[in-house]
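The first chain written gets the first letter, and so on, giving A, B, C and D; residue counts start at 1 in each chain.
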Amino acid sequence: MSESGIIDYAVLIPLLPMLAFPVILFLGRIFNGTPTWVKNLKEGGIIALTVMGASLLLALAVIKEHMNSIGATNVFTWFETHWWEVDGALTDRVFGVGIYIDHLTVMLLFVAAFLCFLINIFSIGYMNTDPINDNRNHRFYAEFVLFCSGMLGMVLADSFLWLFIFWELMGLCSYLLIGFYYERPSAAYAAKKAFLTTRVGDVFLVIGLAMLWNMFGSLDYAVVFDPVEIAKVSSSELQIALGMMFIGAVGKSAQFPLHVWLPDAMEGPTPVSALIHAATMVNAGLYLVARMFPFFQAADIGSLSTLAIIIACIGGITAVMAALIAFVQMDLKKVLAYSTMSQLAYIFTGLGCALWFANNGYEELATFALGASLFHLFNHAMAKGMLFMASGSVIHEMHHAHHEVAHHEHDDDHHDDHHDDHHDDFDAQSMANMGGLANKMPITATAMFVGSMSIIGIPFIGGFWSKEGIIASAWKVALKEPVFLFPAMLVLIGAGMTGFYMSRMWFMTFAGKPKTDVAKHVHEQTPWIPIPLVVLTFMTLSAFILAGMHAGAWLGDYQSGHYSNFFSGVGEELQYVFLNDDPFLMVLTYVTIGLSFILGPSFAMALYGGSLDDDDEAKPWMQWAIDLSARVNKNSNFDNSAWANSSLAYSLEKRLHFDDWYDAAMLKIVVGFAYISAKFDKNVIDGVIKTIESTSQAASAKLRTLTTGSARDYIMMTALGTLAIFLLLWGVA
Amino acid sequence: MSGTQALDIKNKEFMLVGGLLLIVAALMAFFPYMSSGDSEVDWISLPLVGFPIIVSCILLAFASQESRSRKEVIAVPIRLFTLAASLIPLAISTSLFFDWLIAVDWNLGYNEYALEKEYIWIETIGVSWHVGMDGLSFPMVWLTTFLIPVTIVTTWNEKDGATYHPLLLMMGGALIGVFVALDLFLFYVFWELTLIPMFFLILKWGGKDRRYASQKFFIYTFAASVIMLLGLITLYFLQPEGSGPRYGTVTNRTFDMRVLFTNALAANEGDGVFLGKDMQNILFAMLMLGFLVKLPAVPFHTWLPDAHVQAPTGGSMLLAGVMLKMGAYGMLRLPVALFPDALIFYQDIIMAIGLISLVWGAIVCLGQTNLKRMVAYSSVSHMGIILLGIASMQPIGYAAALFMMFAHGIISPMLFAVCGAFKHHYHSMEIGAMRGMAKWSPYLAVYMMFAWMASLGLPLLAGFVAELMLMIAYWHTYGWWILLPGFVLAITAAYYLWSMQRTIFEGGDEGQPPESLNGETPPDITTSENIGMIILAFFTILFGIFPFIALDMMGQWTHELFLTVFEGGGI
Amino acid sequence: MIDPAWVSGLAAILFIIGLWGALSRKNAIVVLMCIELMLNAVNLQFVAAATHWGDVNGWVYAVFAIAIAAAEVAIGLAIFLSMYNQHETISLDEVNLLKN
Amino acid sequence: MKPEECNEIGMNCTEAFSTEFWTAISPELVMVIGLVALFIIPNLGNSKFRIPLTKLKIPWFLGGKRFAITGSPAIPGMLATATIFATLGMMAIDIIDGSVKTTTITSGDSILFKIDAFSRFFEILFLVAVLLASMATLDRIPAHTFKGKKSMDEMYDNRRQADLYILLLTTAIGMCLVALAQDLFVLFVGLELASLSTYILVAFHKESKSGAESGVKYFIVGSVASGIGLYGLSLMYLEFGTLQLSALRDAWSGTSTLGIIALGLVLVGFGFKVSAAPFHFAAPDAYAGANSPVAGVLATASKAMGMIGLIRVLVVITLPDSSGTLSEESAIWLYAIATLSVITMTWGNIAALGSTNPKRMLAYSSVAHAGYMLAALSAVGAWRWGEIDAPVDYAQAIVAAVLFHLFVLVAFKLGAFLVLGMLEMEGGASRLSALSGLARRDPLIGTAMFIFMLALAGVPPLAGFMSKFLVIAGIVSTSVGTVWVDGSVSFSDLHWVWWLALAMFLNSAISVFYYLRIGVVMFLDIPEEGRRKPLPYGASIRMAIWICLVATVILGLSSDTLIDMCYRAAESLDWD
C-alpha cells in the first residue's frame, strides 16, 4: 500500500542527518580550527542544527498528515531471494525498505525529532564552550546526527528488520559518543561495556527475528501484523520468538539483568546522556515491545500471557532495583541514569500490562495501559532530557567555576607556571561538591525542579498522569492474574522510592549551603543552554494539556476527536485519577500520591534539606521548597548512619555487584577460556602439523643413515632387495 | 677463451628472446583456434586473465634485470604501469556488471554462462580453455578486479615495489582464472598458480617468520589440493566416454565442466544418483578436503594465522579477500552442485565443521594478543558462516554464503589494510602495546573502527546482510543450534571492541605510544593507505545499503541451483 | 657330454659365491674379482643353455659377456687406481666420505 | 624371423649390413662417425710419417704439434654437440611427419633392432639429455678437476676435454642401442656400454676424493647389479631358450619357477638403473661426486634407459595376452612392482626431506620419481591382472604417461642439475647454502631453478605437473576401467591401484617441502661469503638452461604434441 503525499518525503527525515554525518566529519577534518568553522559554524553544530531542524519540520508535517491514519510507502527493494518450501517449491522472498507510520510512530517520531533538535541546541552551548572539546566537536556533531538518523529511521521503518538495522546504528553511535573522550580509560571501558551488553541483547533479537521470519516469511509490519497470518502460526513458537526479541529490548533499554551499561554510559558528554541515554535510544526497547502489541491482540487468548508477565516482572524488578541503587549515588548523572532505568522499567511494566490485557481480550484496558505507558514514555523523555540537560548545565558551570578558581589560585601563587594541570581530583559531577546552586542557576534549578516533580509524579505535573495510569493498570491486572501482584507491588513501592531519590538529588544540588568553594562561583553563561531548558520546562508542565487529550486516544480509535474538547478531557482524566468509580483504584491513587509526594520527599528533606546562604534568595517557586526542606531537616534530626553503614548500602554503592560479577564472568571465564583455546590452537591443532613436520624430518634423518657411505652396505641392500623381490614374486606365484 | 667470448650473450638478450618465446608459446598453446569460432569478442581470456599475468611477467622480468640501485628508480613507473594495467580488468568487469558498453545477459539458467568462450587446449586428454561467468563466479571476478588496484594503491609505498606490485597483478590474473575456469583442469591449474605469487609475497616481503609461514602456506594448501585433484581425476574417468572436439583423443573423456554438469544433472534427475551414493560420498569428501583447507575450516586452519601474520599487507589483503573465497567458490561450484545426495549425507558434518570454525575461530580470536593474528582467526570464524550457509539447504542460506564471500572479500582486505598500516606506523602488532591511537592517527583509528565494526556485522555495512540471511536460514534448518552462532556474534563484538579499547582508546591526555617507536611520535596513515581504505569503506557501505547490486545476481544463481540441482535431483 | 643341469648348478654356485664375496669382502680388488666370478657364472650358464637348446646365440652371448667383463675389469681397475691415489686405501669400508 | 616372413606381416624388415640397414640406422651412424672424428680431430698435428728406409716424409697428421684450429680446447665439445645435434636433426626429420616408419633389423632368424616410434622416442630423449649435458660443459671444464686455481686457458688446454665428450658420445650410443634392441642380450650390451661410460664419467674427477669415491661406489654397485641382471638373463635363456623379445613373449609362462627367478634377477638389474629402492643407494653418492651435467644425464637418460628395460620385460614380455587364460596365476609382478613403487617413492621423498646437499636431494627426488613410474607400471599390470574391463588404450595411455614423464624430466631435472653446474663453475654446489641468494645474484638463473623445482614438485601448469598428472590419470583410469557403463559405481568397484595414485599424491605433497626449500634459500637467504658477485657467464650452459626452462614451461602449457608422440610410441610396443 503505497500512497503519495508528504510520506514520500518521510524518508528524508532519517536521510538528511545521515548524509550530514560525512559532511560534518569531512568539513571538520578539513577546516578544523579555522575561525569560520569555529565561530560561525560552531564546529559543525550549526550544520547539525540545520539538518535536525529540517528533519523536525518534515517530521511535524508527516505527523500532521498521518496523525490519524496509517501511512506506508516502499522506498526500494533491499534484495530478493528465494525460499525452499517444505513441499519443495521455490518462492520469492523480498526484503524491502519502506516507511510505515501509525500512531506509535507518530508519537516516537515527535519525541525523537523534537528532542534531537532541542538537545542539538543545548549541545552547541555545552560542547563548544568547553576547551577540552576543542578540535573534536565536529566528531561529536557528526556522530550526533548519525545517531538522530538512527533513531528517526528506527521509528519510521516499516519492518522489524529495518527497526533492527537502525537500532544497531544507534548502538554504534552510542558506543562512539560514550567513548567520545577516548583518552579516558573509564570512557573507553564504558563504551565497550555499553556496546557489548546491548549486543548480547541484540543477538537474541536477531534470533527472534530469524524465528519470526521463519514463521511469517517476512518481517514487514504489513505482513506480520496481519491477524490472519498470526492466527496461522503456532502461539508457543511466537511467544518464544517475541521473548527473544524482548531480550533485545531489555538490553537496549537497560533493564535487569542487562542494565549494567547505562550508569557507565554517563562517561559520555552530557548532551549524549540527555539524548541517547535518557530521551531517545533507551526508548527503542520500549518501542520494540510496544510494536509487538498486534501479535498479542491477534494471538489466541492467553497464549502469550507468560511473556507479558515476564515483561512486567522485569520492569518491576528493575524499577525497584534501580531506585535502590539511586539512593546512594553521589554522582549527579548517575542518579539520573538510575532514575532513567527505573522509569523505563515502569513503562515496561505498563507495556506488560497492556500486552496481557490485549492477549486476554480486554481491548479497552489494553488500550488504556498502552496509552499510559506511551504517555509515560513521552513524559519521561521530555523530563529526563531536560533533567540531563540541566545537570549538564550544572556540571558545565561547575567545571567553569573550577577552572576560574584554579586559575585564580595559580595566578596568585605562580605567575609563570601556566600549564593546564587542573585535571586534578575535583569531581564536577559529584553532588558532594555542590549545594546551594538554586539562586546561582535559576533557570537550571527551575528546570530541574519541574523535571524532578514530573518524574516523581507530583500531581498535575507531567509524569503524574502516566505513572498513575501504569500503577493502576498493574493492579488491575493483578486483580485478574495473581502473579501480577509481584510487579504491581514493586511499582507501587518504586513510586515512593522515586520520590526519595529525585528529591535527594535536587536538594543536595540546589538547596543548602555550597559545599565547596567552587560551588560558590557558579553562574549561568551561554545562551544556548537555557533555551531548551525553558522549552522543555513548558513541555513538561503542559503535559496537563496533553493529559487532556488522554493518552489512550493516541491509540486505537482515531476518530473520537479528543482534540476538539480537551478541557473536558482534562476533566475526565482528573475524575479518573482522583475520583475513580472503583474504590480500589481510588485508594490506590492516594496511596501512590502519599508515597511519592509525601513520604519520599520528606525523607529526602530530612536528610539533605537546608537553606541557602544567608544573603541568597532563590526564585520564589523554589524558595518555598528550600525553606520547607530546611525546616524538616532541622526538626527531624533523622539519623541514617546505621543504614548508611550497612552492608546493603555498601552493596548498593557497588551497584549490587552486578558489574563485578559480569566482569568476573567475562574476564575470568570467557577470556580465560579464550586464552586456553588460543594456546590449544597453537600447541595442539597446529602442533599436529608441526609434529608431522618434525617427525618426517626425523624419519628422513633416520632413513638417510641407512645410506652409510660404504659400498658393501649398498651391495648388501641390493641383495636384500633381490630377496624381497623374490619373496613378493613367490608370494603371488 | 677468445673463441667463447663471442658466444657470450648478455642476460638481457636471453631474457628478451626467451620471454618472447614464452609469450608466443603461451599464445600458441592457449588460443590455437582464436581466429576461428564465433565473432563475439572474448572479454575474459585475454583481458581479464591473460593480460594481468602477461603484463606482470614482463614487468617482473624487466625489473629483475635492473641493478639494485636502479630498482628504486624504476619502481615508480612500474607501480604506475601496474596500477594502470590493473584498472583495465576493473573497467571491463565493472562494465560487465552494469551491462554498460558490453552487452551481457545475466539472466542465466543453471549451467549457463555468460561470455562463454572455448578453445581446445590439450586435445589428447580433453582439456580446453573454457571460460565463462555466472552469478556465482562473476561477483568474485569483479571483487578480484576491484581488489587488485585497491591493494596496489593501499600498499603503494611497499619496499621493492618494482617486483611487489607486478606480483599483486599476477595474483589477480590467477585468481580471476580460478573463477572463470569452466574446465576442471584449467580450474586446477589456476588454483595452484595462485600459490606462487602469494608464496613470493610472503617470502620476500613477510615478517620475521616468513620462511616458515610461506612454506607452510604453500605445502599445506598444496597437500590438500592434490587430494582434490585425485578426486577430480577419478571423477573425470567416471564419466561416459564420448567423442567430439572437447573429448580427449587418447582418453575419450573431457574435463569440460559444462559437460560434467550436464551428465550429473541428467544422472541425478528424479531418483537417480550420479555415480551412485557410495562414490558420491567418497568424491565429495575428497573434493571438500581441498576446499576446506583453502577456506579454511577448523581443524585445517592453522596455516592461515601464520600466513597472515607474516604476509605483507597487500598479500594479506588478497589472501583474505579473494584467496579464501576460492575454497568456498570451489565447494559451491563442484561438490555441492555435482553430488547433492552426498551433500545431504554430509549435511550435518558440514554444519558441525562450520559451527566449530565459527565458534572456535571467535574464541581463539579473543585470546590473541597479536592484532593480525586476531584478524586472521576472525576470517576463520567468518568462513564458518559459509559452511553453515551451505549446510542450511535453503536458497537464502546459499545466498548468504555467496554474499558472505563477497562482503568478507571487501571487509577483510580493509581489516588487513588497517593492520598493515598499524604495523607500518607503530612497528608493532601487539594489542595493548600502546594506547590512544586516536590521538596521533585519527584516520587510522577511524578506519580501524570502521573495519572492525563492519566485520562484527554492523547493519548497513556489507557483512550484516549475509549474517542476517544466514540466521534466517540456519534457524529453519537447525533450530536452537542457532544459539551458538548467536554466541559468536557476541564474542566477535567482544574481541573487536576489546582490541579497540586497548588501541584506539585510553592513554590519557598524553597517550602511550608503543615501545617499538622508541619515543617517536607516531604518524598518521599515508595518503595512499588513506585512498585505498576509503575506497574499501565506501564499497562496504555501498553493498551494505544496496546489497541488491550484487545479491540479486547471487539470488538468481541460488534459485537456479535449487531449481535445477536439488529440485531436479529430487531431494 | 655333461648334462647342462650340472653346469647350471655350478654356475649358480659360482654366482652365489661371487655375490657373497662381493658383499662380504672389503678389498676392492677382491670385490672386483667376485664380480668377475658372477659374470663367469653367467658365461657358464649361457654356454650350458646354448648346448641345451642347441642354439648358437648362447655362445655368442657368452663371448659378448666375456668382452663386457674384460671392459669392466679395465675400467674398474682404473677407477680403483684413482681411488687409491686419493684415499690411499682400497678398502671399501674406509671410503665413505659421501653418505647420508 | 625371416625377412620375408616379417615383410608378410606388414613390417619393413632389413638384414643387418644390407643397404637398407645403413639408411635405417644413419642417425646412429652419424654418431659413430662423430665419435671417430672426436678421436682424430683433436689429435691432428704436423707429424710426418717417414717411409721406412727412405727420407721421404709423408704428412701423417696424427700427433706431433697440434694444429691451432683443430687443437683448440673448444673443438671436442663443439664437435660432440654438433654430432648429437645432427643426429637429433636426422631423427627429427624422420618423425616430423608424425609417424615413424617401422624398420626391423634382423640377423638371420633373430631380430636385432627395431626402429619404431618407441625406440625413436627414447633415442631423441637420450640425445636431448646428452646434448644438453655437452652444451653445458662446452665452456667449462668439469669442476674440481684442478685443485689449484688455474686460468681458463689452462683449463681449455686440458686434453681430457676430448675424453669427456667421447664418453658422452659412447653413453649416447649405448643408450640408443638399448632403445633399439629387440633382443634382451643386445639390450644388455647397450646398457653395459652406456653404464661403463657413465662409470668413468662419474669418476671423472679423479683428482678429488669425492670424485674417485663416487666412481668406485657407482661402479661396484652397478657392476653387481648388472651382474645379477645378466645372470637373470642367462637363467631366462636357460628356461626359454631365447632372449628375443618376441619369442620370449610367446614362451613366457608365469608358472615356471626358473622364469620367475630370472624375472626377479632381471628386475634387480634394471631396478638399479632406474634407481628404485633399495637399489638406489649408490645413486645419491654418485650424483654428489659427479659433475652436475653428468649427474643430470644419470638422473634422466640413464633412468630412462632402465625404464626401457623394465617396459620391455614387464609390459612386453611378461604381460599375459588378452585372452586372459593366464590371468590369475601370472599376476606375478604386480604386487612386487606396486610394493616397490610405494617404497621407492616414499623412501626417496622422506630421505630428500632432510637432505642439505642439493645434489643428493635431487638424487633422492629422482628416486621418488622412479617410484611414480613404477606405480604407473603397476597400473599396466593391474589392467591385465585386475579383471578390469578396459580396452588396450588404457594401458597404452599409462605407458605414454611414463614416457612423457621421462621426457619432461630431461627438461627440469637436468635443468636443475645444470643450474647446480653453473654454481660448480665458481666452486662447489654440495651445500644448500651454495644456492643462497641465487635469485638476487642472478635473477634469471634463480627463477629458472625455482621453476624447475616447482615442476619437480608438480605445480601446474609446468611440465612436471602434466607428467604427474598423466601418470596419475593413467593409474586412475585403469582402476576405474569402464565401470561408468553402469552409471552407478561403488568405491569398492575401483581397483586397488587407485591407492597408488593416492600414495603418489601424498608423496608429491611431501616433496613440495624440500623443493620449496630451495626456492626459499634462493630468494631469501643472503649469499655466502665470496659468492656475492653474479655468476660466471658461460653462454652455452645458459643456453642449455634456457632450453630446459622453455621446455619446462612449454611442455606444460602445450603438451599436446608430446603426449601424442608418447602415445604413438606406446602404441608401437607389442600389445597382443
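Rule of thumb we're sticking to: a contact is a pair of C-beta atoms (placed from the backbone, for glycine too) under 8 Å apart; a residue touches a chain by one contact, two chains touch by 3 or more.
Model, not experiment: these values are computed from the prediction.
**Student:** By C-alpha centroids, what is the most central chain here?
**Tutor:** Given all protein C-alpha atoms shown, the central chain works out to be B.
**Student:** Starting from the mean Cα coordinates of subunit A and subunit B, work out the distance between those two points in Å.
**Tutor:** 41
**Student:** On a C-alpha centroid basis, what's the spacing between subunit C and subunit D, in Å?
**Tutor:** 25
**Student:** If you average the CA atoms of subunit A and of subunit D, how far apart do the two points sit, in angstrom?
**Tutor:** Roughly 81 Å separates the two chain centres.
**Student:** Do you know which subunit C residues sit against two or more other chains?
**Tutor:** Touching at least two other chains: 19, 22-23, 31, 92, 95-100.
**Student:** Multi-chain contacts only, two chains or more: what residues does subunit A have there?
**Tutor:** Answer for subunit A, listing residues that touch two or more other chains: 704, 707, 709, 711, 715.
**Student:** Please give all chain pairs that are in touch with each other.
**Tutor:** Every touching chain pair, ordered by label, is A-B, A-C, A-D, B-D, C-D.
**Student:** Where on subunit B is subunit A touching in the complex?
**Tutor:** 216, 220, 298-299, 301-303, 306, 360, 363-368, 393-396, 399, 436, 438-439, 449, 453, 458-460, 464-465, 467-469, 471-472, 474-476, 482-483, 486-487, 489-491, 493-495, 497-498, 500-501, 504-509, 511, 546-548, 551-552, 555, 558-559, 562-563, 566-567
**Student:** Give every residue of subunit C touching subunit A within the complex, in rising order.
**Tutor:** Per the stated touch rule, the residues are 19, 22-26, 31, 92-93, 95-100.
**Student:** Would you tell me which residues of subunit A are touching subunit C in their complex?
**Tutor:** Touching subunit C: residues 704-705, 707-712, 715-716, 719 of subunit A.
**Student:** Provide the residue numbers of subunit D that touch subunit B in the complex, in ascending order.
**Tutor:** It is residues 72, 74, 138-139, 152-153, 156, 393, 397, 400, 442-444, 447, 454, 457-461, 465, 469-470, 472-473, 476-477, 480, 482-485, 487-492, 494, 498, 501-502, 505-506, 508-510, 512-513, 516-517, 519-520, 523-524, 537, 539-540, 542-543, 546, 549-550, 553-554, 557-560, 563-564, 567 of subunit D that touch subunit B.
**Student:** Given the complex with subunit A, which residues does subunit D contribute to the contact?
**Tutor:** 216-217, 220-221, 224-225, 228, 254-255, 257, 260-261, 263-265, 267-268, 271-272, 277-279, 281-282, 284-285, 329, 331-336, 339-340, 347, 350-355, 510, 513
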